[in-house]
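Please find the structures below.
After this come two complexes, each holding chain A, first together with chain B and then together with chain C.
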Partner chain A sequence: MFRYIIKRIIFSLLTIWLLVTLTFLLMHLMPGDPFISTKAVDPAVREMMFKKYGLDKPLIVQYFIYMGKMLRGDLGVSLHYKGAQVVDRVFDAFPYSFELGLRSLIIGIALGLILGIVAAKRNGKISDGLIMGVAVIGISVPSFIMAALLNYGVGLKFGNFLKDIFGLSRNPIPISGWNSEASKWLPAIALSFGTLASIARLMRASTMDVLNADYIKTAKAKGLSEGQITRHHMMRNAILPIITILGPAAASILTGAFVVESVFAIAGMGKFFVLSIQVLDYPMIIGTTVIYGVLLIVMNTLVDIVYGIVDPRIRLERKGISG
Partner chain B sequence: MSRKRENFEKNRNGANAGLNENTERVGKNENSLNTGSSVETEVANKNLTNSGFYGETVNPAVSEGNFPKLDKNAFEHVGKNIEHSMSIARPSISYAQDAWRRFRQNRVALAGLIFVLIMVLGSIFVPLLSPMPIDQQNLEYTYVKPMTYAPDLNHMFIFGTDNLGRDLWVRTWYGARISLSIGILAALISVLIGVPYGGISGYSGGTVDIIMMRIVEIVSGIPYMILVILFLVVLPRGYLTIVAAMSIVIWTSPARLVRAQVLQLKGQEFILAAKTLGASTGRIISKHLIPNSLGVVVIQMTMTIPSAIFSEAFLSYIGIGIQPPMASWGTLARDGVQIFQLNPWVMFIPATFICLTMLSLNLIGDALRNALDPKLRR
Partner chain C sequence: MAERNIMTKHERKYDLYRKQYCSRKLKDSENILEVEDLRVSFDTYAGEVKAVRGVTFHVKKSEILAIVGESGCGKTVTSQTLMKLNPMPPARIISGDIIIDGWDIVKMPEPAMQTIRGNLISMVFQDPMTYLNPTKTVGKQIGEALMVHGKATRKNVYEKVIDILNLVKMPEPERRYRQFPHEFSGGMRQRVIIAIALACSPKILIADEPTTALDVTIQAQILSLIKELREKTGTACILITHDLGVVANMADRVAVMYAGKIIETGTSDEIFYNPKHPYTWGLLESRPRPDHKKTERLMSIEGTPPDLFAPPQYCAFADRCEYAMKICREREPVNTALSPTHQCSCWLLHPDAPGVERRSGSSFALKTSDAGSVTKQASKPEASGTSQEERRGAGGVNSGKK
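Let's turn to the complex of A and B:
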């Protein structure tokens, strides 16, 4: 067990190192240099500038300086927000994104599990077809379309409809911002759809696997109620594979947040990231990308470790495959 | 259990049933395996009580205990019809034919396939045949509604126009061309890299396998979208960069799948038999390992295409994918979302195209998985 965890952690560190190195190499593969657009620079001034930013040193020395900065958490200074540290800006925006992500993850997991179990138990009936239809649509509709549709259809049209019917002074469903409780649900739902759909599909398949297992028959024979069997026997066994999907789910929620936050005007990391792309704030883009990457790698490693703890078969199988 | 033994068991059961019903022909044994052949055997009913099909003796005590005595003159020996029993009733079909037969049964997936074919044909021919170029601006016709006729241009704007009066009908089909081709190309390249990689890794085993799989693990550890975004930010944006950036990450999943498949096949008896018969490594790989792993690869490809289309749309939507004047479904949706509340169709049309294509491809993928992978059949 201990060996397994150590191994996972070493792998994730290697992956993070690869990501950071790749970032460095890509930056230096770019043609031209930072002062190429500055008109008619005196060679002496140019040399001074290169010296100031450490660009006169050999690549390998620059690489070590860069790695040192990365280890200290120094991602450079934003070009767009003059003088602001990239790290500071990102962590200012982080709480919003974190709350949005957490909400949508909870919605996605809870609803996905329930729908998956219901579909498996009603296998072949209309409700099963309906749920799976919704799930297929859920994985087929990109988050940016879902966000725009919910924002326009539910937020604006349905909200105004409610306002007219109940004679309210304003739209009860806020379509932008992140301040009142009501404004937080619509973006979270828009973001959770993909996760919900993939969890529902996986849960249905894994519930079907255990549905006819001998221990379920035993439980029935013992006279347990349907609810007890579902909760204590079916779910506990069927839920295991769901853990594996949590890593990709976190990734899809993180990237989905780019557009959902933009559509709903939430000042989170995603909106910020898209904005930096639009104004070509390179240190900001690279810095945010590295932070996102590290975040996801850490998340995936955690998921792997948890899965290893919960299901000993994975631990052993991994050992068998990779020697 | 050997085939002979199986037949025998079936015949004996059949014979007993036949005795009960007092029919003449017993032991109809239909064996429809993947080859689709059916073997029919006729057995004489005389002397049933003490002789089985292959001369083995059925325990008379059991037969006599269970069934009433019958007059043996009621039966007549018909003999063996060798010709009939040797004939193969149904034509033998190939793996692909079998898969197609199973796939065809899924009506929804078939509809999806037809939709995708229409998309592919439309994306090829509509921009070719249309009189309106994709980037022609008609500034007196900005944001006209769908099905608007422009008399001075003698042109029908089937899907309306965008902010510069460009014809959305042509642009949407042109976008289909970009989006679909990126999806197919990314899937194809990742398979072309991943399949040999996984095959070599699995077939070699040992140290080579360990090193190759460590590399895969580390590469696939980097979040997919993050790496693609990184490439697109740093390198010149455009069609080829997107395809390259995607392929660099996606190839790891076919590599893993093929490796697992090869590892599993490598130890099986038919490979051992081929080796014993003196088949070369090249022959084993090309005649045994690759055909047997093909199903997994095809499934993987159909699953990769929608996710690549999705990624492209997403990247174009946040502005680092396809750059104007080129158009893809992602860029069209991006243009549309800015004026969504005033002119919803500008967003709605590309959005519908994306959703329906993704839906069709996902349905095709599911059906193909059921058709190609016998282990997943329920």
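Let's turn to the complex of A and C:
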């Protein structure tokens, strides 16, 4: 087990190094430079700027300088937000994105699993069709439309409707911001739809597989009720295939969603992903990429560990690798 | 538990259902199970599949009844219906009676069935590889069978499971308790499945091809275990198999099924030494024999069983039967009692039927060419021209098969 973890860490570091190098090369391959948008800049000033940020040196030198800094935990200074440390910027925004992501993950996983099981058990009935219909919509409607719909439809219209009916002084459903408990649910729901839908579909498929499994018959022959069979024999086995997709899903959701965050005016880190590329804010691009990469690796490792806990057969194989 | 008022939740439930559904008298007090004219169908998109078409049999206390027959003849459906294990729908009990120790199974709703499944009647399944939950320890899976019927509590479940593991001769039960199914060999898994089935000491154990998935040496171990447990616990056993070697070794009585019906039933001796139905003859002929030459083909019964979507209104075996007479294609045969234990449904046993000799031995196929003439001669009074033609055709296939 110990050797397995060491191996895992080494591979993770290698992955991150590869990720950083590739990102570094790719972003420098992009045409333009960070100061190109600034209007009518004196060439002398431009040169000074380049010198200040070390962009005048050959690329290979820049690469080693950057890598050296990174090893010391310094992701550099943002070129766009003047003078701001990338690390500070990202970590200021990360908690918002993280909380939003966590909430939507919980909603997505919990509802997705429940809906998937219900759909599988009602296979072929109306409720199954309804759930799968919603799931298809959830998968095919992008989150920005979902966010706009929820923001306008539920937040504004329904909120105002509630206000009129109950004679409140203001709309009870906040449509933006991230300060009250109430304001946190709409964006979380908007962000959760995709995960919810894909988990529901997967869970339905794997539940149907498990329901036809022979050991369910054994359980029935023991005299267990349907509820007991679902809880003690079906769930754990049906969840196995879902766990594999949870890692990447969690990483992408936790790092924030640019559109949902901008629709609901949340100061998350989603915007850095998009804006930093638009303005060629080199240190910021690498910074956000590294954060995303690390999160993805951590999540996948976590998933592997959880998988081992849920499925004893995998636990044994791992022992085989390390021993 | 000593006082009448202090009953556990499980006992109360069991008692309630017992009052409601356990009032039928068995015809014979020796019996533990009686099945009367049971008909089971499956509703499919293509139509109704009549899988079991009027089956009557009984099982005596602590005896082993073997049900034999080829694949798809309704053995498994019959046995699963005894526990109502086949999903309903699509399965449906059309008519008939199942009485187990006074319980009226056909009338019982699902919650009542849950109190007797694994408790009064339980099942050993065919494939030990897939019939155990891969994510639960073996100890838990056995313990669950005890706890669901209130036969153990959280506190004493460990000791009881160890006892049962010892009963099925599991080596190192304490270590095995904590292991998962994938850490067991096939034979050991089958012992676990038997342990689960026997956990609540049921009155009837259904073993549905318990050794089909195991290799021969393990097969012998498992069979002797089942036999031994029968002696120890007095559990009656319904053994479903298509392996006649297993039947000869294990069964007290045998029921031969064909196309959803029991066509012949009798004690093992009667079925093996004095079979009366041509299908039983065919089954017995198709066993491999030690004196079989390598170059010789194994015997088989020509043709296929009838389509159970539209089973024939006459004898279902008639179309494959070398001895078929005119009446065989017109009416269902009646059940003839040959002894108090031996019964057979075949027109050949009718007083008006010509006496037919069973052709036997490994020379069966070789003799079919002249067998045709035997049949021709034998069935003279009733056999029609068309059936003779068909028979000759079948004989030709047979003789070409040597």
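Quick notes on this structure:
FYI, the second predicted complex is superposed on the first by the 236 of 323 C-alpha atoms of A that agree within 3 Å, B and C clash if a C-alpha of one lies under 4 Å from a C-alpha of the other, contacts with A are read in each partner's own complex, and residues count from 1 in each chain.
Everything below uses one rule, namely that a residue touches a chain if its C-beta (ideal position, glycine included) is under 8 Å from a C-beta of that chain, and two chains touch if they have at least 3 such contacts.
In this text, all values refer to a predicted model and were calculated from it rather than measured experimentally.
Contacts of A:233 after superposition: chain C is touched, whereas chain B is not reached. In the superposition on chain A, contact of A:158 is made with neither chain B nor chain C. Judged by the touch definition given at the top, the superposed model places A:224 against chain C, while chain B stays out of reach.
In the overlay built on the shared chain, the residue A:274 is in contact with chain B alone; chain C does not reach it.
By the touch criterion defined above, A:311 lies against chain C but remains apart from chain B after alignment on the C-alpha atoms of chain A. Number of chain A residues touched is higher for B, counting chain B against chain C. When the two structures are aligned on the shared chain, A:50 is found in touch with neither chain B nor chain C.
Across the complex, chain A is touched by residues 210, 213-214, 217-219, 221-227, 229-231, 233-235, 306, 310, 313-314, 317-320, 333, 337, 340-341, 344, 347, 351, 354-355, 358-359, 362-363, 366, 378 of chain B. Note for the complex: chain A touches chain C at residues 213-215, 217-225, 228, 232-233, 236-237, 310-313, 316.
Looking at the complex, you find that chain A touches chain B at residues 11-12, 14-15, 18-19, 22-23, 26-27, 29-30, 136-137, 139-145, 148-149, 152, 156, 208, 251, 255, 258-259, 262-263, 274, 277-278, 282, 285-286, 289, 292-293, 296-297, 300, 321-323. Put simply, chain C touches chain A in their complex at residues 83, 85, 111, 114-119, 122-123, 125, 127, 130-137, 141, 144-145, 148-149, 180, 182-183, 193, 196-197.
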